[in-house]
């Protein structure tokens, strides 16, 4: 076990990289992947605190986050496939159906 | 010492490949680097003695979610898309958000140094030998204290599954 | 599916129109093995051409030879002596078994069963050994001669054939055990490549493909040639005309062929093996069509003679070529994997399709 | 002590067993996999009335080494439009996953590769399922139709059957109540019966699923020779191809080990509790000695001198093993080694039996069609596995809360699951019949008459 600050720093770095990905990328699939990265960063925090307090609750919620990430990926990719079938694109700024 | 080596190795791999993931043009490369990040994170979990989370990460994330991602990338062939512009013009927003967050965490870490004895940079964990067996402890947590969230999560998964099927189905 | 795909039995190229994995139409590109057999015939004497027919359906060379010899005999108006006829019958039936064995092995291999291939080739080896002892060649035998036989049967011919037939009953049971009741086999073959009787007749399909659709048409019964009128045998027919029925029909045909062989070796009449034909064959001008039931279907020879030693025109009706036409009809609506099974069940030999 | 050296030494001191085991896995498993291939070819040859490899070494025994050499020096082809990085990565990933999974397996009570981690069995299953990534990436990177179709099929197949296999494992794990490998075997010892007899349906489902997971016939669609040439491996050659192959055969060992651990009693000998069956402890030693004796007997009949020597060599090896297995049995001070050695023997025997079953099925059965495969997975195996998990849970409640006899409860479970299986099969048949009626071949005129002439 390292001091908790190291984990927080790692988690922050991953979170920021994920956030940058979400904001700057045009490809929706990569955006989704960046979101996974963000969730993962949160997981590191949860597990690290769970370890430091010797309480399993953090891990339980890390599990929930993993389940949530799975659900999100399934639905998100479902949307992408449906969208790709209609519009032949996966770039998010071309997803402008509502602008019509 | 060993702990340190393991941590810095995995943390380095995670951050490096996360950066690679965000910057690659090819979505498949991004996916591969994300897998690397996730595996490195799994290593961190193992270092934190959270074996079950580690294996859940490997099974659900790496062998489940990422397979799904790669599958979709293969389906929506991106030969054309690679040559298009991959980054939208929100650089400044991104930079601002990043700086703001980094500042926040930095202030927090710095300010914690002031508290003697229990700052963020001092190890104060329960010794590894005294932890209860991870899987059993987690099971008690899941099925005793957090049974309702657990059930809700399972309903969420079911809904997501149905939703995904409905959306990806061909309209006939 | 390019000409070098591992399961097209040679060099057939099939263009598939696909909707996902479902076949919407097929188109065969043939001719990779074209050698101009019919044209060659016009520059050879009747006897010289006889070995060429062996190279068409090279897994059933004896049957090809029989058809050609009988056609020329019909043109010459001579008849082979009874001994020759009986031996011809035995050889042809053995060849039928060998051909079906090759079919069964490769068909099963296409569907993914590895082992039957080796069992089939083990038995085929026995047949080829008999051929080798008889005429020295195994594959392209050139076993017969216009007017009768090239060679007298060797001493232990009957014994060899009998031993083979005795063993073969047991072996055929092995194939049945491996495949017939196997639910994967049934799943892969039943209702795959269904061809109705009307379609068969419209497409001119013949042989086991036709019989599996329920049409009881076999030239050995319908217009007996060689010595088939002397023997008792059944013509197996199918009901649904699917791949499974074709499989069952061919299996039964092997059993019947075995019975014919057993009956034939009971008494092979003594006597000459060669009818009265000259050294130089000069059939009278005219034309003739003769067809036999080759293992793969009706094999017909249409020969036009202008009175010289060389035929004016030879046209061959190869069963594989005609049966291959049914592919499109059979493959529509099935999956790509089924196309492999359907090509297998048609039992085509590209040497014969392309000639 | 020098402070910079000290942590390294400390590290080695605590972890040397694991390090040695890791090296042994990396070094030995390829050899084992190679000989597994030879064994498969020999068995296939035997079942198909032929001889198999005979040329390299006596009875082809050096064939794997020759093959490996040939693969290593073969030209390494990377297709023109392939994605180089991923093309390079994929086979390595596939192999690494399989070899890492080996680390979680215990080959006997005292031959545990990694420490008995808390999530033992899950680790093996989870890590070996990562091999799928290698298959997908490889198929995608080769940029070829056959490859990409093969890898798509493979993914769909592996995902479906991993679900079924995982659920089947849960039925067994419910009985064991733990994920630790040693504890699972201990649970079977305590129950006094292998789990395969308590949850036979789960074992059967796992058997089928594990065949599908390792891409073996009759589920070898991803590499169906007659349809897709070689599936995702079409564009691979030389060393990379060998990596895939190695991964595949290591996976066979892994699934065999998982099934053995959970369902076949791990390293327990048959009837571990029946006192008068204790003579079974002598079986390993006697068995190997008997094999050695047979080799000696046959050695005299070999026609070629090399073969005679070879037989003598095998015989001596068998005798040596018999000695190792037998001496502790007789010598009291070495008695403590007996469970470990015999355990390893039984464990390897069971894995071999499992793999032999795989091979046997491969030689016997034709291949499924892809839609049939998916139907089998989703319409039959997965529902059946779910029913089985529920039923086993019910049986355990009946046993623990209401004091039912365990065997009665388990019999009830099996009955329920079998009834469900029959119903599912009936539904499946009905669906298949309906599908064949409802699909008339659509007519579409052919554009060209290719039969002209």
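Which chain is which? They are A, B, C and D, in the order written, and residues in each are numbered from 1.
To be clear about the criterion, a contact is a pair of C-beta atoms (placed from the backbone, for glycine too) under 8 Å apart; a residue touches a chain by one contact, two chains touch by 3 or more.
Not measured: the values here are computed from a predicted model.
*Asks:* Tally the contacting C-beta pairs at the A-B interface and at the C-D interface, and name the larger one.
*Replies:* A-B
*Asks:* Mean of the CA atoms for each chain, then the mean for all of them together: which chain is nearest?
*Replies:* The most central chain here turns out to be D.
*Asks:* Roughly how far is chain A from chain D, centre to centre by C-alpha average, rounded to an integer in Å?
*Replies:* Between these chains, centre-to-centre, one finds 35 Å.
*Asks:* How many angstrom lie between the CA centroids of chain A and chain B, rounded to a whole number?
*Replies:* Each chain's C-alpha centroid was found; their separation is 7 Å.
*Asks:* Starting from the mean Cα coordinates of chain C and chain D, work out the distance between those two points in Å.
*Replies:* Taking the average C-alpha coordinate of chain C and of chain D, the gap between them is 44 Å.
*Asks:* Counting in whole Å, what is the centre-to-centre distance of chain A and chain C, each centre being its mean C-alpha position?
*Replies:* Roughly 65 Å, centre to centre.
*Asks:* Could you list which residues of chain A touch at least two other chains?
*Replies:* none
*Asks:* Which parts of chain C, given as residue numbers and ranges, touch two or more other chains?
*Replies:* none
*Asks:* Just say which it is for the chain contacts: an open line, a closed ring, a star, complete, or other.
*Replies:* line
*Asks:* According to the definition of touch, which chains form touching pairs?
*Replies:* Applying the touch rule to all chain pairs gives A-B, B-D, C-D.
*Asks:* So in the complex, which bits of chain C are touching chain D?
*Replies:* Chain C reaches chain D through residues 5-7, 17, 21, 24-25, 27-30, 108-115, 117-119, 122, 178-179, 182, 184-185, 187-188, 191, 321, 325, 328-329, 332-338, 340.
*Asks:* Residues of chain B touching chain D in their complex?
*Replies:* Against chain D, chain B makes touches at 1-2, 26, 28-29, 32, 35, 51-52, 54-55, 58-59, 62-63, 66-67, 70-71, 73-74, 133-135.
*Asks:* Which residues, counting only chain A, touch chain B once they are in their complex?
*Replies:* Of all residues in chain A, those touching chain B are 1-10, 12-21, 23-27, 29-30, 32-34, 36-37, 40, 43-44, 47-48, 50-54, 56-57, 59-64, 66-75, 77-82, 84-85, 89-93.
*Asks:* Mind pulling up the chain D residues that touch chain C in the complex?
*Replies:* Answer in residue numbers: 44, 47-50, 217-218, 220, 224-227, 229, 362-372, 436, 439-444, 446-448, 450-451.
*Asks:* Flag every residue of chain B that touches chain A in the complex, lowest number first.
*Replies:* 3-4, 7, 11, 14-15, 18-19, 21-22, 27, 30-31, 34, 37-38, 41, 44-45, 48-50, 52-53, 56-57, 60-61, 64-65, 68-69, 72-73, 75-76, 78, 81, 84-88, 90-91, 93-94, 97-98, 101-102, 105, 108-109, 112, 119-126, 128, 130-132, 134, 137-138, 140-142, 145-146, 149-150, 153-154, 156-157, 159-161, 163-168, 170
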